[in-house]
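To start, the structure under review is shown below, and the notes come after it.
Letters A, B and C mark the chains in the order given here, with residues in each chain numbered from 1 onward.
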Amino acid sequence: MPSLPLLEMNNVVAGYGKIDIVNNISIRVNEGEIVTLLGANGMGKTTTIKTILSQTNIRKGEIKYKGKIITRFPTYKIAMLGISYCPERREIFANLTTKENLQAGAYLLKTHKEFKENLDRVYALFPVLKKRQNQISESLSGGEQEMLAIARSLMSNPNLLLLDEPSLGLAPKLVELIAITLREINDSGVSILLIEQNAKLALELSNYGYLMRKGKIAIEGPCKELKNNEGIKDVYLGIATHQKED
Amino acid sequence: MNYLLQQIINALGYGGVIALLAAGYTMTFGIINLVNFAYGEVFMLGAFAAYFCINIWNLPFWLVFLIGIAASIVVGFVIERTTFKPVRGADMVTLFITGLGASIVVRNLAVMIFDDRLKSFSLPDFLKGLHSLGDILLFNKTIAIVLVTLVIGLVLIYLVKKTKIGIAMRSISYNAQMSKCLGMNSEKVIIITFIISSSLAGIAAYLQGILFGSIQASMGFTAVVYAFIASVMGGVGNIVGAMVMGYFLAIGGNLFIAFLPPDLVGLKSLFVWGVFFLILIFRPSGLFRANIK
Amino acid sequence: MKNPKVIYSLVKYIVGAASVILILFVLDTYLSGFWHLLFLLFGINIILAISLNITNAWIGFFSIGHGGIMLAAAYVTAFLTLPPSFKNGIINLHLPSFILNTQFPFLPALLIGALFGTIIGVILVLPALRLRSFYFVTGTLGFNIIMMTIAENIPKITNGPMGLRQFPDYTNIWWVWGVAILLIYLGLKLKKSYIGRAFIVIGKDPDLAAHMGINLLKYKTYAFALSSFFTSIGGILWVHLILNLFPKAFGLGFVFNVVAMIVIGGMGSISGAVMGAAIITCFTEVLAPVEEGFSVLGLSFPPFLGLTTVLLGIFLIVILITRPQGIMGEKEIKLDFLKRFLKERIKLGRTG
């Protein structure tokens, strides 16, 4: 077990403008792990991830990657360090084709050989993307766009993948596929910081979890323990009920 | 019939100038949503720089050409830093007024300093002469301009579709925040876009100089209006669309006044604006797809 | 027994009107040539600035088309007010003969011209209203250019680029300041009235306005009609002051002047418009002699044509960068403290 975490956030206070959304957040992602942020909507999960990327106003605290401070680094420099992002609403470039989106994801690669290798790898993970490679990405279905977003974030050979709500709006079968794919990705050496409202999926997939409530960490622990935690069960139950109502 | 053909051929030269300007204009318009009327003055000052090189220092034409481009790049940079950077992020109307204001300021300064008379711009010897195909006259310089425009067009298409920087430009134009998360340095790319755009203005300036044999301090405004309208018609950010529309406006303008009685020649701009209004009313997003560069 | 409040406000209005008339009379008689001209220009600029606020600031449709409207209105009025000796004699305008041979008095000519300007303004803006704000502005720019181009290219009617001269000297302090004060009063009252507030809601949040039951199209039309009407009057007064009219008269530089007035004064504020008009008027008139070249302390400066526009442009850009809301923002000068001050003095006067 490596002693130095891949990513750590220590006592971070951040938000937008003058408003703080996350208050005193401390999170750790160790190499090889899948760590999940749980919590209801609006509790600050996405803000936490955006803070790592310097897309928020960081008032206090520090963020370290591989032991080095990266707080407030320009977003593109953080990407260059090997941190990749798959945002909540996918945010694929609708004006580009599928393949071009992947090319954009591969922006940091140095050689065409690397690009080709990674392209083949993501096509292997998501064969449907290969089928649609020359289609304008705007015309892809919701599930295909999610796959594209994840694939794009893998193109740069990241060490750490920040993944926000990959299962949002997807059919259960697709969610299963995504889960399997995430496990594969993790097995190949990519650490993942995952935000998921689907607590069941998150807890099954992840090693460690943090439950956020109103911008603070309320509960944390290895997922094996969290599964039996009453507080989490509330969240889980809440999600389950919500899903039944759909 | 021959008369019409001649009108079309006559317009090919100016069409090239406008096509290049429109391409440059649509690039900045597309990537940071900036309507830059001061672009016309970048164009004009590039022409004047070239003019001084020819008339004062008697430099060879290729050096003049390069200096014109360099001048445009410098002017474009200065205008961007002084007028646009401080208001970056403001709403489009404010940006428009700022750009319009800047163009008025620079244009009037130029008229004050250089006066608005026509200044003769010499044509390099190897471009002189013409061919006649039956009744129709075709100038060598027109051929040169069309060739240059074609080559540059192809280069731009290659740049935008096949190179890394092209992908970066297109991504940033769609979603700058996400592009940064992929490692793209958006500031750098925007500056590069500005440089390319200013260079296009410099090239177009030299071409207009040799086409008309003269330049004048107020040449920027008409040109930038054509460039703007061509960009909108071609779809904002669409380089090919802008270039095609540039040619369309030039050729259309000539044909328009060909059908009018000779004393109404001044109404050419009516054609251009008329087309613009028609497009706006019937198809506000332009004829070609918007946002694809 | 009439309500004392009614009598009080009636007295207020009569005293107010009387004092204004008295002040104008005094100014008219005693102001010398340069200051007189300055004062008239100031008044015309107030008219133009307040009119522009209605469309650009209140309903939020930033327009730079007022040049074209003034041009149209000015030419129509010119056809009516120019002496037949000019229309028929010196130049041969191809207008109906009853126009060529008569010279209208100012009021009907003014109204007809303003009406024409209003109709043009409204008709041309209607299809453009659904354009996004930025395309709308460019459309108005196009409108200006088209009007100028037409005016230049139908010499049989407009005498082309040479323009029209020999205007009767109709503009005087009463016309200019009568309209200006009317407009200030109207503007202030409108701002507090339903119509005015509807305008402002349309500008700030059109969806909300629609939900409140405001007929967007109707009110936008009203706003443009009102604005065009008074802009036309401003243009007509201008032409009958400087006594010539040519296609480039209301070109981009002129248009920009008015924009500068409302930006500097504060978009949406009537008092701001007045202040902006004051500043720009002084600015322009102080720089006018510099433009023509002058000599000071033995050094002679060459003419710097266009200097005013350059400096004004720079000034405007600086304002947009440093204080985009202008002097007043959207607010008006609060007269409360002035009222209280006067009341104190009156009280002291009574007891003392």
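The rule is simple: contacts are C-beta pairs under 8 Å (C-beta built on N, C-alpha and C of every residue); 3 or more make two chains touch, one makes a residue touch a chain.
From a predicted model like this one, the values you see are computed outputs, not experimental measurements.
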item: Most distant chain from chain A, judged by the mean position of its C-alpha atoms; value: C
item: Pair of chains joined by the greatest number of C-beta pairs in contact; value: B-C
item: Central chain (distance from its CA mean to the mean of all protein CA atoms); value: B
item: Where chain A and chain B are represented by their mean Cα positions, the distance between them in whole Å; value: 44
item: Mean-CA-position distance for chain C and chain B (Å); value: 35
item: Distance from the mean Cα position of chain C to that of chain A, given in whole angstrom; value: 58
item: Shared-contact residues (touching 2 or more other chains) in chain A; value: none
item: In the complex, chain B residues that touch chain A; value: 164, 167-168, 170-171, 173-175, 177-186, 291-293
item: Residues of chain B defined as touching chain C within the complex; value: 35, 83, 86-87, 90-94, 96-98, 100-102, 104-105, 108-109, 111-112, 225, 228, 232, 263-264, 266-267, 269-270, 273, 276-277, 280-281, 284
item: Interface residues, chain A side, partner chain B - complex; value: 53, 55, 74-76, 79-80, 84-85, 87, 91, 93-96, 100, 103-105, 107-108, 152, 156
item: Of all residues in chain C, those that touch chain B in their complex; value: 62, 64, 127-128, 131-135, 137-139, 141-142, 145-146, 149-150, 152-153, 252-253, 256, 259, 263, 304-307, 309-310, 313-314, 316-317, 320-321, 324
